[in-house]
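The next part holds the structures, each set out as structure tokens.
Here subunit A shows up in two complexes: once beside subunit B, once beside subunit C.
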Partner chain A sequence: MNPGLKLILMIILVLEISFIENLSLNVIIIIICLIYLLKKRPSSKQLVGLFLGPLIPAVGIFLSQMFYGNGGSLLAGVFATRIYAYVFLGACFTFSTNMTDLMKALEQSFHVPAKFVYGILSAFNLLPKVIQQIKVIRTASLMRGVKINFWSPKIYFKAILSALQWSQNLAEAMESHGFVEDQPRSQYHPIRLTQRDWSQFFAILVVFQGLVLILNSKFL
Partner chain B sequence: MNNNRDHWSLRNIILITLIAIFCGVIFWGTGFLYTGLTLILTPFGLAPLANDILMGVWCMAGPLAGMVIKVPGSAFLGEFLGSAVEVFLGGQWGASAFISGLVQGIGSELGFTLTGYKHYNWLGITASVITTTIVTFGWDMIRNGYNHYDLGLLSLLFITRLVSTFIFSGIITVLVSKLLTRSSREE
Partner chain C sequence: MVNVTIQDFSYAPTKKSGLILDHVNAQINSQQFTLLTGPSGGGKSTLLKFIAGLYPKYAHLALSGQILLNQQNMTDLNRNAVTKMVGMVFQDPDQQFAMDTVQNEIIFILENLQTDPNQIDKILQQVLDFCGIEELKHHSINTLSGGEKQKLALACVLAMDVELIILDEPFANVDPAARLDLINKLKDLQLHHHKTIIVCDHDLNGYENIVDTVLYLDGQSHQLNTLNPTQIHSLFASFKNATNSKLAINLPNKHQSAILELTDFKLQTADKILLALDNFKFYAHQTTLITGANGIGKSTLFKALVKLTNFQGSILFNQVNINKIKPIKYAQQVSLLFQNSEDQFLEITVQEELELSKKMRQNSAFSEDAIQAALEDLNLAHLLKRNVYNLSGGQKKKLQILLMLIMNPPVLLLDEPFSGLDLESLKVVIRLLQTAKLKFNQTQIIISHQLTNLDQLVDLHVQFSQQTLNYLEVL
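And then the complex of A and B:
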């Protein structure tokens, strides 16, 4: 499916399950997502992460709802499984989409201006440099005997100084390579939004609404 | 500060994104803190409090971007992209971090909107702190079932979140922007 459309679908589903307090719904979503994810052949490390990552928050919210909530264990179960449903829905997106394709889809099919698409993409390419720079900032202040923490304004100040300089350099570099803001661009790697994408999108939504209707009328 | 900071230029978009990435990476290092806090609070049934304690830290990218690049929408974009860093780095929440980013972004931005994008000072920041707290708390009422708690616990969670947001998204953001103003004057 077109990555942009897939993201919109995921957001709709996540928002919708946030408003429906139904244990079976969450469990069914988790199972369907798991089947989809297994088809994508994730590594065992990814799978373990999927199950263990949300475990602590899920147990935490379960006990909290048991102790202080007014809905008992059933509702506690709803909120615990909801966390898993979020993570699994999110993983269905991340495991099957690469971010460059997502940004290109947003540009080509959803009319996000090119300066946003390429500006954001180019900045995200500096991610490893950003990680390195934060180490440099921390080490530099350690050399002067100052431990800099996430609550120190200085770390953000120095980070923004780097960001100011880098953004200028990057923008100039892009412009010198022929990037012109607000000008139409041709596509080397077109990403299509096909009729098939749209029919899949609506089919999933319709099936999901049916599921919600059935579950709400029979159980819970 | 700089004259060039008042429109959506390529450079400003890159700048907002970089600020978001820097914040995202700094918060990435605090992931252990969230897990630790949740673990400690779980036996008391207070695990959600960990969210509220750290909320201010997670919501810093928005007001920081809003203060540096004074364009309507910059706080939203900064906060939203800050959450995207987690998706890129492969965080435990996966793409569902986009949703939190949307909610937090709307919260951060609203404060500047309500003050008419004219008050890039304590007034704007305080408004942003309040809207961030209310919007994200409203979301947790639904998402994490806060609406099933009694008033006592709700107040504890709300006040904790307000204080956290005020310290990180408020005080620290203002301190950082003061440092920036001073440095640009000394240039």
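And then the complex of A and C:
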């Protein structure tokens, strides 16, 4: 599906489950997402992370609802599974979409201005550099006899300074490579928004609403 | 065709500082190969950015006069018009790309220029072929070496199909063979593809008989002089005298003691092995020069020696495995002079940087008087209040070297310490390094492409090639 449309679909689904208090719905979403994810063959490390990552907030919200809330264990279960549903929906999205395609789709089909699209993309490409830079900052300071930890203001000062420098250089680089704000660009690899994308989009939404209706009439 | 006219042009970086370009004039004609040279910190990069139309948007203040592109004032031209005429390759290979891979960067450019998508593949292929980086097409730009990045930067400018190509110290991190290759490619572009070339460089190797015009920016008078043929001839002659030819050099002897020893050592990136050594020694109290082609892994070797990158096998420092030494202890014993000067800085002003080094150093071998004298000799004494990030490339490099010499670690690794230095500064730096070695017993290991005047300093020469290191008998 067109990555931009997929993002919108995800946002709609996430918003909907935020307002619907239904345990079965959350569980069904988690199972469907898990099946989808398994088809994408994630590494075992990624899978473990998916289950363990949300564990603390999920348990936390469960316990606080159990002991301090007035909705009882059913509502506590809804809140806890909701966190997992969010994470699994998000994972389905990130596992099936690459950043460049998403940004290009937003540019081409959803009229997001090119300066945001390429600004975000190039910032994204800077990430490995940021990580390496933090190592360099720490080593450089050790060589000057100064030990800086992750909570030292100096590391942030240097990192921000590097970021400012990079952002100016990036702007110069983009401009010297012919990028001009608000000027039309051609597309080497057009990302289309097809009939098929739209039908998938509506099909999933309709099925989802059906599911919500059935589950709500039965259990509430 | 593109003619550049610089008319009565003045510029000062801030209101308080003096002019770095003082009412300069010059004429650069279409389809000429122009070399811009002069001492570091003289404002060459600034002038080039003005010609490329990147200033005054990114810098500001106090300018008189004008720069004309084909008789039109630069400030009257819109960005689009300038982009179609002028392309620039920057000094720092790390900071001129916006996208993730080689291919995507070129596509980004072509899309910006609204190139017909059907033409993109063809142009992409042509420019990569011309620059000899076809095999890097799908590589991530983050994994390229400095020299490979500069070839890509040139490919980018070619993709833009501009007539005027401006290159700011493009070969500072490029090995001699690739450098000659690139200079010849530029000449080819000038002669057969009707390009106008302006290159700024301190290192004059390879330009004789190639350039049509030489502009000299004088650091003292802030004047830009167009040299006549006699002056050009003597400029190259004096440079050649300073450049040494093949000199004999000693091999390490049995009496020398090892200070760093690499055993079963292996260094690799995601897709290739850079270095594999059974056993290799660096010797104490010597200056060892490491040379080798770009991208072969010299800087990565230094990163391994200061534990900034992973390696297999072991590194012994004075017979102790470096993984068993506390990080801060080790960092103060074996320090690195980073290739990028700014990586070394921790404070804001020149003064604060000097104070930090003086406060934290382990020994005071470098006396207060010697520091003052060095500041004067390096032409830094008047810059104490300046923000280190606003210094010129050459000034940053000189300050960085001084800071690490004040720290005076037992082993100092220097990654391209001479890039961007003019001949005078180079002599001072070499003298300071000489003193640190002879008087303070420092061990120095240097990576440098620039070999001018190095014969006075270097004791041992290591060649890095075919995934191994070997001591050589010539420099």
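To be clear about the criterion, the second predicted complex is superposed on the first by the 192 of 220 C-alpha atoms of A that agree within 3 Å, B and C clash if a C-alpha of one lies under 4 Å from a C-alpha of the other, contacts with A are read in each partner's own complex, and residues count from 1 in each chain.
In this text, contacts are C-beta pairs under 8 Å (C-beta built on N, C-alpha and C of every residue); 3 or more make two chains touch, one makes a residue touch a chain.
Bear in mind that the values here come from a model prediction, so they are computed numbers and not experimental data.
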Contacts of A:F179 with subunit B and subunit C, given as first, second, both or neither: both
Which superposed partner A:L161 touches (first subunit B, second subunit C, both, neither): both
Subunit B versus subunit C as contact partner of A:A140, first or second or both or neither: second
Touched partner set for A:V212, first subunit B, second subunit C, both or neither: neither
If touched residues of subunit A are counted for subunit B and for subunit C, the larger one: B
Partner chain(s) touched by A:Q187 [first = subunit B, second = subunit C, both, neither]: second
Contacts of A:P128 with subunit B and subunit C, given as first, second, both or neither: second
Touching partner for A:A171 - first (subunit B), second (subunit C), both, neither: both
First, second, both or neither for A:I204, with subunit B first and subunit C second: neither
First, second, both or neither for A:Y86, with subunit B first and subunit C second: first
Doubly contacted residues of subunit A, that is, touched by subunit B and again by subunit C: 118, 122, 154, 161-162, 166, 168, 170-171, 174-175, 179
Residue numbers on subunit B that touch subunit A, as the complex places them: 8-15, 17-19, 21-23, 25-27, 29-30, 35, 38-39, 41-48, 50, 57, 60, 64, 68, 81, 85, 87-90, 92-99, 102, 142-145, 148-150, 153, 167-168, 172, 175-176, 179-180, 183
Parts of subunit A lying in touch with subunit B, wherever the complex brings them together: 7, 10-11, 14-15, 18-19, 21, 49, 53-54, 56-57, 59-61, 63-71, 75, 78-79, 82, 86-87, 89-91, 93-94, 99, 115-116, 118-120, 122-124, 126-127, 130-131, 133-134, 150-151, 153-157, 159-164, 166-168, 170-171, 174-175, 179, 181
In the complex with subunit C, residue positions of subunit A that touch it: 100, 118, 121-122, 125, 128-129, 135-137, 139-147, 154, 158, 161-162, 165-166, 168-180, 183-190
Interface residues, subunit C side, partner subunit A - complex: 52, 54, 58, 79-80, 83, 87-88, 90, 92, 94-100, 104-105, 107-117, 120, 141-142, 156, 160, 306-308, 327-328, 331-332, 335-336, 338, 342-344, 346, 356-357, 360-362, 389, 403-404, 407, 409
